[in-house]
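Two complexes follow with chain A in common, the first pairing it with chain B and the second with chain C.
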Partner chain A sequence: MKRSTRILLSILLILVVYIFVFFAEKYMDPFLKRILNTGFIYVILAVSLNLINGFTGQFSLGHAGFMAIGAYTSALLYMSPENKLSNFFMEPLISPLDQIQLPFFWAIIIGGLMAALMGFIVGAPTLRVRGDYLAIVTYGFSEIIRSLFNNLQNITNGPLGLKGLPTYTNLWWTVSWAVITIIVIRRIVDSSYGRALKAIRDDEVAAENLGINLFKHKVLAFVVGAFFAGVAGGLLGSLLMTIDPNSFSILFTYQIITIILLGGLGNITGSVIVGIGFAFLMEGLRFVEMPMNIFGITIPGILGMRMLIFSILLMITILFFRQGLFGTREFTWEGLVRLFTKRKVKQQ
Partner chain B sequence: MTEQKINQNTKSKETVLKMEHVTKRFGGLVAVSDFNLDLKDGELLGLIGPNGAGKTTIFNLITHVFPASEGKIEFLGRDITKLKTDKIIRLGIARTFQNIRLFGNMTVKENIMTAFHAHLKSDLFSAVAFLPNYQKEEEYIQTMTQELMMELGIEHLADYKSTSLPYGLQRKLEIARALATNPRLLLLDEPAAGMNPDETLELNELILKIRERFKLTIIVIEHDMKVIMNICERIVVLDHGVTIAEGTPEEIQRNPLVIKAYLGAGDEDA
Partner chain C sequence: MDLSLFLQHMVNAISLGFVFGLVAVGYALVYGVVKLVNFAHGDVFMMAAYFMFYTSLIFGAPWLSAVILGIVFTSLLGVGIEKVAYKPLRKYPRINSLVSSIGMSFLLQNFAVVVFGGIQRSFPVPEPMTKTIVLGEIRVQAVSIYTIIFSIIMVLILTFILQKTKIGLAMRILSRDFDTARLMGINVNRTISFTFALGSALAAVSAVFWALRYPQIFPFMGQYPGSRAFIAAVVGGIGSLKGALIGGFVLGLLTVLIPAMFPEYSGYREAFIFLLLVLVLIFKPNGLFGLEAGEKA
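After this line comes the complex of A and B, so read on.
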């Protein structure tokens, strides 16, 4: 298939998605819309973490930390000064943050850039360690961010968090950012840079002995991944209307890792499908946390039961589908065509 | 054949690799001791010695997998002793590994294409936006990879997973991948290991062919004497990190020290 045909088909697909968004924004049930928004935010998070964990093979647990930075940076930029004043009643917000108000788009971008900058600052010294060590160091970073945000009363409002954030996030934003994330990361992965990243994942020594600068490429994956995590954090803040440091704990990173493992490490298609599915399951499984009556036995509602189900799902996946539900099969237009032509042959 | 070899040596006198008093100590163990080498352009040097003699260590020192304890290494007149591995490779040294190190999740073609990345000029942005400058480079990588696979006769395997190939072909692919970095100096670490006699013969021809075709200077570490004695013009023999002999294949075969190192050690063991 020609490159131009592929691009045309992709543009058509994106158009179809936007037509759906148009009607969804108009007629869809707000509850369903909220789930979809969360789903697309999960997609951004999963695809960006997949670049670091799946394609570059650097097991990072710092995604929630990058999200927190993006969420707080953008929230402090798009909130109105009055809104900030009502939030910061313990200690006033430092100047000039208390006066600034930027449009949502720029606030999100700057949030992403701040996360990317942190990605660089964290990545530069820590990417010299590998495997388990990197996981521990990035987890440590994420926890440092959390406790820092809990204590920076005059910037983050501490454990009180920020409340009453304006809800700018809608499907237009989440879908657009998800599309941008998917395109950018797919393009990176398919390019010469992507081959270098995958080479580092497969064999660092061999990659280095082909003249690939390990450090530069690892940091690159980290920075790009952190940027999109920051963006997702910003979008999530405005969707939930409230953020506090403890909502960006290791549990959040754990959820995203569940998504990319279920979808397959190094599989963007898997991350996208599972990401949206995850959001629906999270809502759909709410009933397991409610008090239940089974055969006359009353079980009180237990919070966190949903995560238990996901943990079991994850264990089953790792035991029986080592490469995730989708393995290494990526969505391609050629693959789609092949799928249909095969069916036709069968019909004849 | 010998005339040709001599001609080549006299024609181009440029030193490609120069190692002076290179020593490597791992704690108390002296892996390589006072190693000296002056490698001329186009030479094919054999590096032999019993197991643990320090042959691979010398390769690791050249490509700075670990730093030398003492001494100096020069490549094309430039001091590379302290340069980092990837930089050294980009200057024009390529290597293969004793235990094959292919990118297991990639196809044969992707393995080779990856090796072109080191010389990629386009930045990440032009790669993501698929700008004309990157497009041109990607096309160049595609055609060069195709050519390289044809040259080594592995083009029919392009879309196979690299680790699914039989051993001999994996070695060949590793050589192809090393060549893709556009080296002046190629370091082959036991390329014939695990090959059957037919494959070894084919390997001999391949090494001579790529030397001509890519104007390479080559150092081969090998245990298989059929490789070393047939294709190398000069041989360096190591034992316990010390250079015990140096000369043409004929001289080495007659050298009593070498015979002792190989056979004598064997006698003691028995």
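After this line comes the complex of A and C, so read on.
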């Protein structure tokens, strides 16, 4: 298939998605819309973490920390001065943050850039620490961020968090950012940079011997991954309308790791499908916590059942689907065509 | 700060340090032998507290026998977790087992929420532990003294097992090289099971002392001591028992002394502790007492 045909088909697909978004924004049930928004935010998070963990093989547990930075930076920029005044009643917000108000788009971008800066700082030690030690260092970083945010009363409002954030996030934003994330990361992975990243994942020493600059490439993965995590954090803050440091704990990172493991490490298609599916699953599983009526016997809802089922699913994936549900099979237009032609052969 | 107040803080710091150290030794033991950062250790610790709570509640067992039963159950749980969650992944990259231990930690917490309920329950504290001993101006809880004595005994028992028994020898060999150990006729599976039983028993013992200090038990109680002990193990040099104990000490001191000496920075305590973790890993990846590639067990 020609390159131009593939690009044309991709543009068509994006158009179809946007037509769907247009109708969804107009007619869809707000509850469903909310789940879809969360799903697309999961997609951004999963695809960006996949760049670090899946393609570069640097096992990072710091994604929640990057999100927290993005969420707070952008929230402090897009909130109105009056809104900030009502939030910071313990200690006033330091100037000039208390007067600034930027449009949502720029606030999100700056949030992403701040997270990217943090990604650089976290990515720099990757030259010295590897494997599970790196996982520990990144976990440490995300805990440091959480602890700082809990204490910097005059910047983050401490453990009280920020409340009453304006709801700018809608499907237009989340879908657009998800599309940008997928395109950018797909382009990186398919470029010479991406091949270098995969070489580092497969054998670091061999990659270095081939003349690949380890520091540059690892840090690149962290910076790009952290940028999109920051963007996702900003979008999530505006969707939930409230953020506090403790909602960006390691548990959030585990959820994203579950998504990329289920989708398959280093598989963007898997991250996208599982990311959206995960949002629906987490909402759908809420029924297990409600009282149920089976054949006239009422079973009281059990609190925490949803998370138990979630963790059992996680364990099953880890133990039995080590390649994820999709393995290394990526979505390609050629693959789709082959799928249809194969079916035709079968029908004859 | 006057001397007596300082001594008072030191006593608290040392006994807290011993509890952290004891949990950390469990981490270090498992890491030393299997090379697995067992994130579920803190949750095994939590399960131990619940086992003891329920054995003393349901069977009305005397306190000491409830504790011993609890230790036995916890060891069995530890062995079971290894069989289910780590053994199938042994031949895959280490990161798989790490993720599996994260998942296991998650599973145990949520299991506890569903089965034991999310509310706090009070752990039974026997009479002699509740006393406070007054030495001049310093007030020492009896629990602190018991903690220190029993921690030392536990470490001595552990050292004896590792150095003087056959299974200890097997563990030490396993920590060097799996394949060679197998060639030498060591039953790898049994030795690893024993390691997990021992590590979980240590978690159970430290859970007793933790629960005596803070008698509220709840499904997420393992997180804080678990993460602290884990940092202690890493700072001390993960895989080294001596390092784990000393790391626990350092953390106990930091946890108590930072808020005592610099009250205005007490909120940043967690940040300091995690910063220490990150710095140690970056500049001394083998920890303060970890050996390069030599004796680790």
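Quick note on the criterion: the second predicted complex is superposed on the first by the 331 of 348 C-alpha atoms of A that agree within 3 Å, B and C clash if a C-alpha of one lies under 4 Å from a C-alpha of the other, contacts with A are read in each partner's own complex, and residues count from 1 in each chain.
Here, contacts are C-beta pairs under 8 Å (C-beta built on N, C-alpha and C of every residue); 3 or more make two chains touch, one makes a residue touch a chain.
Remember, predicted model here, so these are calculated numbers, not experimental data.
Trainee: Touch check for A:191: first (chain B), second (chain C), both, or neither?
Mentor: first
Trainee: Under the stated touch criterion, which partner chain does A:175 make contact with: chain B (first), chain C (second), both, or neither?
Mentor: A:175: touches no partner chain.
Trainee: Check the residue A:318 against both partner chains and state whether it touches chain B (first), chain C (second), both, or neither.
Mentor: second
Trainee: In the superposed arrangement, does A:125 touch chain B (first), chain C (second), both or neither?
Mentor: second
Trainee: On the A-aligned overlay, A:203 touches which partner chain: chain B = first, chain C = second, or both, or neither?
Mentor: In the superposition, A:203 touches chain B alone.
Trainee: After superposing on the shared chain, does chain C or chain B touch more chain A residues?
Mentor: Per-residue touch count on chain A favours C.
Trainee: Which partner does A:41 contact after superposing on A: first (chain B), second (chain C), both, neither?
Mentor: In the superposition, A:41 contacts neither chain B nor chain C.
Trainee: Quick check on the output: what are the common chain A residues between the chain B footprint and the chain C footprint?
Mentor: The overlap between the chain B and chain C interfaces on chain A is empty, containing no residue.
Trainee: Mind listing the chain A positions that touch chain B in their complex?
Mentor: 184, 187-188, 191-193, 195-196, 198-199, 201-203, 205-214, 220, 266, 328
Trainee: For the complex, give me every residue of chain C touching chain A.
Mentor: 37, 84-85, 88-89, 92, 94-96, 98-100, 102-104, 106-107, 109-111, 113-114, 118, 227, 234, 267-271, 274-275, 277-278, 281-282, 285
Trainee: Which residues of chain A touch chain C in the complex?
Mentor: Interface residues on chain A, with respect to chain C: 59, 125, 128-129, 131-133, 135-137, 140-141, 143-144, 146-148, 150-151, 251, 254, 257, 261, 302-305, 307-308, 310-312, 314-315, 318-319, 322.
Trainee: With touch defined as at the start, can you tell me which chain B residues reach chain A in the complex?
Mentor: It is residues 63, 65, 85-87, 89-90, 94-95, 97, 101-106, 110, 113-120, 122, 124, 127-130, 134, 137-138, 141, 177-178, 180-181 of chain B that touch chain A.
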